[in-house]
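Right, one structure below, let's go through it.
Labels A, B, C and D are assigned to the chains in the order they are written; within every chain, residues are numbered from 1.
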Amino acid sequence: MTLQNLTIAFIGLGRIGSGIAKNVQASGCQLVVYNRTPQKTQPFVAAGAKAASMPREAAASADIVITCLMDDQSVIDVLSGPDGILAGLRRGAIHIGTSTISPHATTRIAALHHQHGSHYVAAPVLGRPDAAAAGRLSTFVAGNREIVERARPVLETYTQKIFGLGEDHSRAASMKLAANFFVVSFLELMGQAFTFADKRGVLEPMTDLLKAFLGPMGEYVDRISNRRYDTPGFTLDAGLKDVRLILEAAGEVQVPLPFASLIRDKCLAAQARGFGQQDWCVFTEISRLEAGQAPR
Amino acid sequence: MTLQNLTIAFIGLGRIGSGIAKNVQASGCQLVVYNRTPQKTQPFVAAGAKAASMPREAAASADIVITCLMDDQSVIDVLSGPDGILAGLRRGAIHIGTSTISPHATTRIAALHHQHGSHYVAAPVLGRPDAAAAGRLSTFVAGNREIVERARPVLETYTQKIFGLGEDHSRAASMKLAANFFVVSFLELMGQAFTFADKRGVLEPMTDLLKAFLGPMGEYVDRISNRRYDTPGFTLDAGLKDVRLILEAAGEVQVPLPFASLIRDKCLAAQARGFGQQDWCVFTEISRLEAGQAPR
Amino acid sequence: MTLQNLTIAFIGLGRIGSGIAKNVQASGCQLVVYNRTPQKTQPFVAAGAKAASMPREAAASADIVITCLMDDQSVIDVLSGPDGILAGLRRGAIHIGTSTISPHATTRIAALHHQHGSHYVAAPVLGRPDAAAAGRLSTFVAGNREIVERARPVLETYTQKIFGLGEDHSRAASMKLAANFFVVSFLELMGQAFTFADKRGVLEPMTDLLKAFLGPMGEYVDRISNRRYDTPGFTLDAGLKDVRLILEAAGEVQVPLPFASLIRDKCLAAQARGFGQQDWCVFTEISRLEAGQAPR
Amino acid sequence: MTLQNLTIAFIGLGRIGSGIAKNVQASGCQLVVYNRTPQKTQPFVAAGAKAASMPREAAASADIVITCLMDDQSVIDVLSGPDGILAGLRRGAIHIGTSTISPHATTRIAALHHQHGSHYVAAPVLGRPDAAAAGRLSTFVAGNREIVERARPVLETYTQKIFGLGEDHSRAASMKLAANFFVVSFLELMGQAFTFADKRGVLEPMTDLLKAFLGPMGEYVDRISNRRYDTPGFTLDAGLKDVRLILEAAGEVQVPLPFASLIRDKCLAAQARGFGQQDWCVFTEISRLEAGQAPR
């Protein structure tokens, strides 16, 4: 399968989606783009893509559809109904879902494709917008082995590391949530640790220590140590959605996650202060405020 | 200062201390050893060290005294009183303290030396027994600049990386506690994340992911993922002491550390189950049990 | 409005519902009953009620419909669709909703009635099955003032104390959730306090003290002090649903409720141990187990 | 034992102590008073008491000594040393300790008296300054049965309800800490519940409901609902001391108390904002601030 011969529909051109789409387009395939607010399609059209006016139309000519959307509901919505992907998609086509959604929504989406005669590849991505633009995301992938192999060259256009999770689609979602739980707890941990270090007079060496130890998370070390939450790669409002998915997925299998519960509370406290559209690690600011440090 | 011409007294030959002492002895200095239970001095005596019968005697001939003890009280006790270090130590000698103790005890110990005419180098170490034996510990060092320089060749015999914290002794203690807080929260995070991953069917890939990401903490990844807490490098009972130091040091500067509070509770729950002498990361087992997994 | 002239439809004859219905029937009205599992209607039919085979049929002849159901979805379901209440209810009739549901579902249900030309009285009840059977529940009531006055004689058949919350229906739901949050936190508090008291040797006097102080919650004091969670008035599985409603309603207005987050985790831990069908205060057992006390 | 024939020494005339002492003096005994800042003794001297210049002097003529002090250390200090109580107290005399101190300090104090040939009655009180002044405190009492009986008439001058805990002195301390844990958790619960109620628009009915339910805690209901923390009966700084005693006493018997851990963090956050000298329930203000409500 050479990418040059493929038609790929891309739906959802947000911060992450536009970065992925740019790399997909650079592979030489024919790209069809759809976005709810159409102006975001312009750079892609300027580079040779076609713009579709609804998901159905985008899917109609596609060998592969990629979605990069907000949450369970938005993926279900874009898939279903008279204007949805399934209304246009041909049998045998493949849908690559890059969004962070729940395991049960993942299973449901895979079933809808199965019914339709098309294929779903669960492929949520880990990484921030700059990693998406640079083609350096990580992808957790699950689905029918042969279908995943067919999708792999596409995944490789924007992914640095692919983690195979087997054939059960929902495992890719579970793994993504486990990874997100790890990352978000890490951020909270930095918030607490830097507050402690700051008030005990060792913020600078603690920042250096963590930078040495946490290469791949260096951007967060800087943001949280310096209390800089502007120019968001991912907003707090979106981050709280992910924390809720984690809590829900853990609750379904009776796993208490006290760190996630605490972080949910910190996110709410940050929203209550009007930080919802800042970078999602802004919830760590609550540790600073609770310790009596002056607001930025 | 060549180490061959120095007499170094080493007090406290526990799991970490014996590793450090071995490296110090290998540097060619004259070693004098003291331990509360004397049989632990035997391998060092066999290799040429002298054994002292009390701290005072060990300190009497020493250019440098190194202590590796349990807690604030044990350092204060070994320093003071008619049989203590200060009763024997000559003016101008240096005491290197490698234990994890509180910032205020550190300040008090430095003051006792100042009064006595000797010098304190606060130098708590980070690392497990195997790192101590291999001379690969990290050391957070604070004290008078010139004295620290004189101590550096000794520190280098057992330390891979030295973090300088300036002249205020207590900053080395604060930094060590900040680092310990980071590590212990990390362990708890792994406990929660692995429990989630296990019950959602993605324990193996999650373990692989963390191993790739967390090189220096790989041993803990294995222990916690596999629920193996025997052959302790550091016991839960000792670990709980450190968590209490963290909470106390944070409380002194009005910093809430909810992760540390939670971990204290987990440590108590682990002690209540009789896990006090297992490896300190055994408190992560509580996450497993709370999620209904069978005891090991 | 004398109750003898009214036809009242009662839908949902569970532990609480059957107690309420018994008191309503005793008032002398004509009762029509519906329950998903029909055998629960028998005692009411034996006492003169009519049994309906679907909600629509129950509602068709009713001046007032009372529902006592599990959650948001079950109330919406019983109201809507071809067999639902609204398909049969005449304009001007009144629906009294006694279930603990979310504020937003409450608002939505009121709107459905408004569209239909009928009236909704939000009237969630506080109390256990024995209080329901004895007509000693508390009710939080909200809705159009005149409609609430018309419903009041019916409420009084099973309610000891009516708290008026004004015309905004959702306020009754918010108030019920606030009260539930208070009660459930109280239970958890007893769990922790009794564990502490027990292990410090003062369980008996602590139990006596709380009994003296907490008259209306004496049953819970006994259950939790004695670790007796059988013969549930309300199950843990149902209780967890309420905790989730509380967290959701608090999250909507950006209020962190760390006690509720903790209790959610305790409920999950209790479910993971298979306690889901015991009395809801069984989540307090987790405090006992965490402190190393032997399982009952 | 008629009180008129007794000489009673009273040490510690703070907010609670002065209320107790007033009631003791009103019983007709001969009162000797000592306080670290002597001006607080004036009203008692004006009413016929003698003022002593040190604890030893106060104790010298006393049949019974009552202490009402801050913490473990202050009780130990006032008891020991050349100017302490024991340096003056005659054999057979009784010491009634009303302070909230740790179980192990209680045991140690009882042992000091035993050695000395005098008697200790552990008698920590529950209640605020107004209850002390009105003679309506509760007392948890433990000690030798006969000695407790001899002390009872004195206790009754300022106590409404006496809870007997048996002969092991430390049980009175444990019981007081269990009761304090209950109360302080209650305050935090109100803070969370009122914040929820306020932001959902039901603060007023929730306040009314709690007032009806919580008669004896009505003052706190008002304070926390109205966010009024001035004119402290008991300061936050003192309250945090009690929370630490609770956590320590629970830790000694391996009982995690997550509510107490959370409240400790709230107290630190309140101290960090400079609230240390306001009424201790001011830590509930943190719930308000975390939910984004404007500072008072």
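Quick note on the criterion: contacts are C-beta pairs under 8 Å (C-beta built on N, C-alpha and C of every residue); 3 or more make two chains touch, one makes a residue touch a chain.
Values in this document were obtained by computation on a predicted structure and should not be read as measured data.
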#### Entry: Comparison of A-B and A-D by number of C-beta pairs in contact, larger one
A-B
## Note on the structure
Per the C-alpha centroid definition, the whole-Å distance linking chain A and chain B comes out as 40
### Summary
Per the C-alpha centroid definition, the whole-Å distance linking chain A and chain D comes out as 54
### Junction residues of chain A - those touching two or more other chains
250, 254-258, 262, 265, 268-269, 271-272, 290-292
### Task
Name the graph shape formed by the protein chains and their touching pairs; answer line, ring, star, complete or other.
complete
### Task
Report the residues of chain D in contact with chain C in the complex, numbered from low to high.
103, 140, 163, 165, 168, 171, 174-175, 177-179, 181-182, 185-186, 188-189, 192-193, 195-197, 199-202, 205-206, 208-210, 213, 216, 246, 249-250, 253-260, 262, 287, 290-292
### Message
Under the stated contact criterion, what part of chain C meets chain B in this complex?
### Response
265, 268-269, 271-274, 286, 290-292
#### Entry: Residues of chain C touching chain A in the complex
250-251, 254-258, 261-262, 264-266, 268-269, 271-272
